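Encoded as structure tokens, here's the structure I'll be asking about.
Labels A, B, C and D are assigned to the chains in the order they are written; within every chain, residues are numbered from 1.
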Amino acid sequence: MEGEKLILDKYIELSRDMGGKASIEGDTVHIIVPSEKLVEAASKLFNEYQCDFRVCVGTDERPLNGYFTITHIFTDNRNGLYVLLKTYIEPQDPKVPSITNAVPGADWCEMEARDLLGIEFTGRTPYRLVLPPEWPKGLHPLRKDVPYNYRPQIRGVSEKVSTTTETGVIPIGPYHPALHEPEYFELYVEGEKVVDVKYRGFHVHRGIEKLGETRMTYQQVNFLAERICGICGFEHSSCYALAVEKAAKLDVPERAQFIRSIVLEVERIHSHLLWLGVAFHVLGYDTGFMHVWRIRERVMYLAELLTGSRKTYGINLIGGVRRDINEEKKQKTLEVLRELEKEYKGLIEVALSVPQVRKRASGTGVLPREDALKLSVEGPTARASGIDKDARRDLPYAAYKYASFRVPVYTEGDNLARLLVRVDELVESMAIIEQLLDKIPKGPILLEKYEIPEGRVGVQVVEAPRGGDVHFVITGHGKPYRWRVRAPTYSNIPALRVMLRDQPLADAPLTIASIDPCFSCTDRVLIVRENGRREWLRLTGGLKI
Amino acid sequence: MSFVKKIIKPVEVLVVASKTGRVTIKYPFEEPWISPEFRGKIEIDPTKCIGCGACVNACPPNALEMIESEDKKTLRYFVGRCIFCWRCIDVCPVGAIKGTRNFELATNDPLDLYDYIVHNRVKCRECGKVTGETTRMLKYVLEKAFVTENYNNKCPDCRKKIFINAISMRRTGPVGEKT
Amino acid sequence: MEFILLTSTSITVLLVNTILPVIMDGVERKIKARIQSRIGPPIVQTLYDLLKLLEKEVKPLHIMPFILLTIIAYLSTIIASLYFINLYTITGEAYYSITAITLFAISLTSNTLTPLLLPSPFTYTGGMREVILSIVNEPAFIVSFVLASTSLRLLNLQSPNIWILIALSISLTTLVLSSYAITGRIPFDIAEAEPEIASGVLLEFSGKILALLLLSNLIKRFIVKYIVSSLILVYIIGAGLTCLAASILLTIALWIIYAIVAAILGRSRVDLAPITLGKVYILLLALSITVLLVGIYGG
Amino acid sequence: MEKKLERIKRSIWVFHLNTGSCNACDIEILDALTPYHDAERFGVKLVGSPRHADVLLLTGPITLESLPKVINAIEATPRPRFIIALGSCGSGGGIWHDTYSTIGGVNSLVKILKERGVEVDGVYYVPGCPIRPEALLYAVALIRGLVEKKAKSMVATVE
């Protein structure tokens, strides 16, 4: 207890030094500083306190207090604390200093806030990041005075994309068989060697955040959050529900939390199996792909049995879950897991013995630890580069504190390490489900009556298969006032540049696949357009490549 | 020896394959492998639906919509937009919506994807103006709440008028008539 | 009279040989499916595919005449090569086999050139990869063929010379290996590696042109195996119609074996495959030449 | 349309066109090819280029950013070409049918295609969120004529 107090004092002291104020609510430390001190405070948190930068959130709080605000979300993984660094911005000419020099990982979210809300960031090169090029200037969709269904009359010109005549440029995407999602990578090659990478993504922007703040109610947003991503959707809806519950200080039944954790792990198993299959497919080992997906089919059946749908489970509500796990389902789950474990181990051994798989995965797409730290990468990508972080252990949520598990960490940072992290995690997930099924308490699964007060803030990190999902909620009247989502791929894509540099072209699809990119998660806010190589160089210019 | 073993190892996939055999389920010639919990298309029972619109409010993707016209209130279910969350089943007050395990919804005609339930809108007995409620809704309210049919079949304006009239009658006589 | 008989037989066989690869591709897909624990397409699926492609629209390319020319050259030389191989199996005359293999080499060259004519970066990269692979593979295939047939001619079954036997086995290994690599199966399918560079060399083609290209590629797969099996069988059972039937059967058997091998491996990397292959070829060929010379002059 | 279908019936080569979907349908498309479902039984093959395709599997509500590329891909597909709109997003715009950055499903796309003079020989709709692999198989079987169409609009008038 003493130690915890000291740690909290540290943050209070920090805010006092910066001329701001701090308040503590549960596991969240709110620090408000004047904007001129923002960079100093962020730098101190990131470098000195070794906090993990997650994302920044711009909010239009003009209807509440007349200001725009920007909140940088940090987490103190060693002490299980969320640290929110907030500053107010004048509404007439919204300008705030950029923290990208201190925290390189903040690059994208600042540009997102610029395009969404029209907040200018000083001390960095701004670039038109958001929305299609034809989008009218000065129209910022996340501002409260813009209706959610306002569609400016723009019809994209039918531009030629994948037929660059310039030799030496290999466009990967937007429709590329290795991606299964529309994203655009332009690889500049010399012969068969990649010398530079240009990324243009956010084709999957669907305006989710705005939708969650306007058309929907608290309960409906659960189903929307689930559709941020079809693979790790349950992580998103759990994260949203947990964030709202945290903000409203709801006492959710334990049994519901257990069920959430169990389903989260089922989802992790299916996601990792899926990834393994896709990785084998990219390596041309189709038989491995088919067999991995064959054993995955059992997990899909299991998911359907527990929740009613193979994906986008739709069982999360604020205050609990909709489907219970009875004795019959419990036995069935254990049976499926036993069979899965047996088949999985044999199969993985065979698949990893294929010479092409080993040879092509090891030593390619290396992400050194320093770069990984600087860019605040997430999940297996971080754990393969020797960063030991896992939100399930560091910031325990749902029922994870009742399970004991190992967090696999590899230090090589190459594609094989990322593969092995996932292989190991799968086994751990199966063990977690068994433990939780064993300990599941009796009781209700849904909170019947509750109230969500307005103006509260809730932040939650949930460890998705690809890394930490971050949901930030400001409660409003009947629906969230502000809902910010950050998916792990958002932090991992900038690291790709480091990984792809000076690598053979043939490895590029594998390396891109190795971060398990989930673009639909990443793109939920707006369409980011990378319109120049210079910005990229500036971002990673300071890194050793 | 171990070197040879390492080289031979990939061949073991043949053992895996022969052990599992063919797992393919010959759908559509065979029953598909679906768990009993699967959420498929919903079916709205027109004999039970009262057209209250609770499902419309709960539906996240607006697959259920209430289209209001002069004298009709139509509940439209667009299965092409449905996310099969079954929230409507949770909220339906009369249990008119039933979940099925039907997923064979493919079609080449978009019009096949729409279901309609057309409700009549009630006319106010007093002034003849169309009110928001459907006939079924009024019946439902009559069963559940302590109101008389006489009160129920009037539009809110007329109710107010009657109420004010009633009170003023008690005090000073009918409103609007100079005495 | 004999000539007419010969020609008509080989033309009939030629027709069979043109259809057979298409069926064999279906068999290969079926085998692959079995190894992957599923049912797989019907055996005639590839035929359906080709017939459908013949009816589809052709998307115009800006240098269409050139492309058509190279593809027709490819198809005609490869069919001519098939014809001469048939003649060789029936008659056993060495010059037929040499003509066949020359035509085969020409057809491969015209095939590798086609994708380089297109502006798309995928086709270009795929085409370059194919060129690199064939630079390594074709000489190895031809040299090992010559070596194998020489040692076969020198071999006396009654009192086999041990050196020549060794040389024969090494050159046959090289022949089989290079014939596998030429078929462009995994791990050497880097020219059309789907996930890396879309469909690589085939990306821009559509409709009838695609059908012709696919058919020629299938015949190519057939021919390399056919050359190997006819070389062996002409020696063992002597030329003639029996030999022809036997060679076709052996080709089918080889096709099945290759299909199984392809199913259990992954794709190699473009910069590794040619180098490794090249090293292996040079080693094996040098070895077999040395041993052969020892067998001729030393023993 | 029937006659055109006849040509591609036995060998359906599909190109997967994600127009901003959440991935669930896309993964289920892949799943339909794996051992338990094995769409290759019906001659379905996933190809890497629209020029080889007969059918475009369209998932997602079509975002503004992807719209021009989608039109490009459709133009690059040789006739006869079909679209199968998958999932609730593809066939009806899904949960984001009216947001600012999507055009809301295949019906709006068909309208835009008509404006541009790009012809499509037929559109199939496969609802589901996400579609089950079996739902895709059902659609393929429907094209092959192996099953009867079950979907039918219901209009009920109550008193």
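Methods note: contacts are C-beta pairs under 8 Å (C-beta built on N, C-alpha and C of every residue); 3 or more make two chains touch, one makes a residue touch a chain.
Since the model is a prediction, treat every value here as computed from it, not as a measurement.
Of the two chain pairs considered here, A-C and A-B, the higher C-beta contact count falls to A-C. When every chain is reduced to the mean of its CA atoms, the largest separation from chain B belongs to C.
Annotation: 49 Å between the Cα-based centres of chain A and chain C. Averaged C-alpha coordinates give centres for chain A and chain B that are 34 Å from one another.
Mean C-alpha position of chain B lies 26 Å from that of chain D. Inter-chain centre distance (chain B to chain C, centres taken as mean C-alpha positions): 62 Å.
Along chain C, residues 35-39, 194-195, 198-199, 263-265 each make contact with two or more other chains.
Looking at chain D, residues 34-36, 38, 41, 48, 94-95, 98, 129, 132 sit in touch with two or more other chains. Shown for chain B are the residues that touch two or more other chains, namely 10, 13, 17, 20, 22-24, 26, 33-34, 60-61, 83-84.
Shown here, the protein chains touch in all possible pairs. Those residues of chain A lying in contact with chain D across their complex are 131-132, 141, 148-152, 154-161, 174-175, 177, 180-182, 202-208, 210-211, 215, 223-224, 227-231, 233, 274, 277, 289-291, 293-294, 296-297, 300, 310-312, 518, 520, 523, 526-527.
In the complex of the two chains, the chain D residues touching chain A come out as 15-28, 30-31, 34-36, 46, 48, 50, 60-61, 63-69, 71-73, 75, 94-96, 98-103, 112, 116, 129-130, 132. Across the interface of their complex, chain B is touched by residues 34-39, 260, 263-265 of chain C. By the touch rule above, chain D contacts chain C in their complex via residues 7-8, 10-11, 13, 34-36, 38, 40-41, 43, 45, 47-49, 51-52, 54, 76, 78-80. Considering their complex, residues 32, 35-38, 119-122, 124-125, 186-187, 189-190, 193-199, 263-272 of chain C touch chain A.
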